[in-house]
Amino acid sequence: MSAPFVAETTFRVRYAETDAQGIVHHASYVVYFEEGRSDYTRQRGSSYADFEREGFFLAVTELQVRYARAARYDDRLTVRTWIREIRSRSLTFQYAILQADSGETLVTATSHHICLSREGKVARIPPRWLQWMEQ
Amino acid sequence: MSAPFVAETTFRVRYAETDAQGIVHHASYVVYFEEGRSDYTRQRGSSYADFEREGFFLAVTELQVRYARAARYDDRLTVRTWIREIRSRSLTFQYAILQADSGETLVTATSHHICLSREGKVARIPPRWLQWMEQ
Amino acid sequence: MSAPFVAETTFRVRYAETDAQGIVHHASYVVYFEEGRSDYTRQRGSSYADFEREGFFLAVTELQVRYARAARYDDRLTVRTWIREIRSRSLTFQYAILQADSGETLVTATSHHICLSREGKVARIPPRWLQWMEQ
Amino acid sequence: MSAPFVAETTFRVRYAETDAQGIVHHASYVVYFEEGRSDYTRQRGSSYADFEREGFFLAVTELQVRYARAARYDDRLTVRTWIREIRSRSLTFQYAILQADSGETLVTATSHHICLSREGKVARIPPRWLQWMEQ
């Protein structure tokens, strides 16, 4: 059993992502996870945009987030994204968001997704994609 | 020349719409204007959702905003929305956003839109829509 | 053991809350839950804005969401919000988001929060607030 | 009269920034402009976060946007940001957003800002900042 491929994406917190508490709004992290998934597919040599162009979609069915520490405007954050489990029609991503400079973990999360066809039916993930999503 | 139909929509500022300055983020108003347009069409007896179902889209081509005063979380705001000009293939909306309780004007704006077909070509606004958009 | 107070908030999906799949983006629901909490406090005769003015904050520490069905632009949604558990320094909210017209459940969620002072220390929820948060 | 300093920032469109028309929502560009300003200050050797830590804020008073072409999920965009005019208490930024690969211009904009103190009063931009904002 080998360690999973972990995609790392680093970016700055945007001002619009903060709220009146002076910190990053908790919904902004949900967008960061999504960007983590996007970058995961790019780093595996493809793009989620291609996945949709081929007529498939990943729909989010579950999301679990644990918020440990806050981030602020201009902070450099790193999203670590990896696949915990992949099945014929669904997959589970995991995430850790860290302060890029200190390495301190701020937020961890898991999201579960099913594969849908253009008609909205549950569909098998195409083999080519299963392959690069695996190690 | 008669006064235009003015749609009024009142709602509360959401926490997520604020930023670290403690006030409503300036991009949030752009969403409020859009909601003002949506409600304008509802109050004229139709829905922008129907417009799209009929195969047409309004694309924003210009936006001008003047920010006079800030709003905060939980404030009740009123968006006033009216049509300044309507042509065969384009139209111009105007907006005023007020504190619902004091009537104080916070933000004013103008947006210009063109009508597109499903194929992304500039198209004539269907007559039925021209009609209700007029006085 | 009595049934909890359930706050109901109904609103329309905004266009900006949708994504390129044509449906409401999954992060938008996180904002709907927050608006559910805001309205919960209003319906209990107070306001989360007052809570912050008194020097306290509720910080989100956990979030769990299950997405069953998609919503679209212009849909009327109802958020049902209630308190599942309340302790001296933390509380847990639960949510169900439904199509307002059909009553069909789209999304369910739980969020856990701790009470913080202005200095960012974990603090007791003030008695007055504990009271109205209870049945 | 010399050419102004132009900051260039390149990033990918996030899925959450699109809408049901399949394109980037027009309010997302307002966030891109803000990120352009943030990066402008970083590239001039400082940070807007420092500006706020010193007790000053830039409040947006006007915004003008022209949308020429749409962008889509995963597109690489470049924001070009420069200062058009700077005065003792206000400044004007200009922006062009391009497809990073083709160089095609999608959106152009101008934003006007005033400098505020922590108390919300109009204030002089501190000399050190005036300096790096100038050429």
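When the chains are written out, they are named A, B, C and D in that same order, and each has its own residue count from 1.
Just so we're on the same page, a residue touches a chain if its C-beta (ideal position, glycine included) is under 8 Å from a C-beta of that chain, and two chains touch if they have at least 3 such contacts.
Small disclaimer: the values here were computed from a predicted structure and weren't measured.
Participant: B-C versus C-D: which has more C-beta pairs touching?
Facilitator: Between B-C and C-D, contacts are more numerous in B-C.
Participant: Look at all chain centres (mean of CA atoms) and spot the one farthest from the centre of chain B.
Facilitator: Using the mean of the C-alpha atoms as each chain's centre, the farthest one from chain B is A.
Participant: Where the centres are mean C-alpha positions, what is the separation of chain A from chain C, in Å?
Facilitator: Computed value for the inter-centroid distance: 24 Å.
Participant: Where the centres are mean C-alpha positions, what is the separation of chain C from chain D, in Å?
Facilitator: For chain C versus chain D, the centre distance works out to 33 Å.
Participant: Once you find the CA centre of chain B and the CA centre of chain C, what distance in Å lies between them?
Facilitator: Chain B and chain C have C-alpha centres separated by 27 Å.
Participant: So which bits of chain D are touching at least two other chains?
Facilitator: Correct list: 15-16, 20, 27, 30-31, 34, 72-73.
Participant: Per the contact definition, I'd like the list of chain B residues that touch chain A in the complex.
Facilitator: Going by the criterion above, the answer is residues 15-16, 18-20, 22-23, 25, 27, 72-73.
Participant: In the complex formed with chain A, which residues of chain D make contact?
Facilitator: Touching chain A: residues 11-12, 14-16, 30-31, 34-35, 38, 47-49, 72-74 of chain D.
Participant: Considering only the defined contacts, which chain C positions touch chain A in the complex?
Facilitator: Answer in residue numbers: 20-21, 26-27, 30-31, 34, 52, 57, 59-68, 70.
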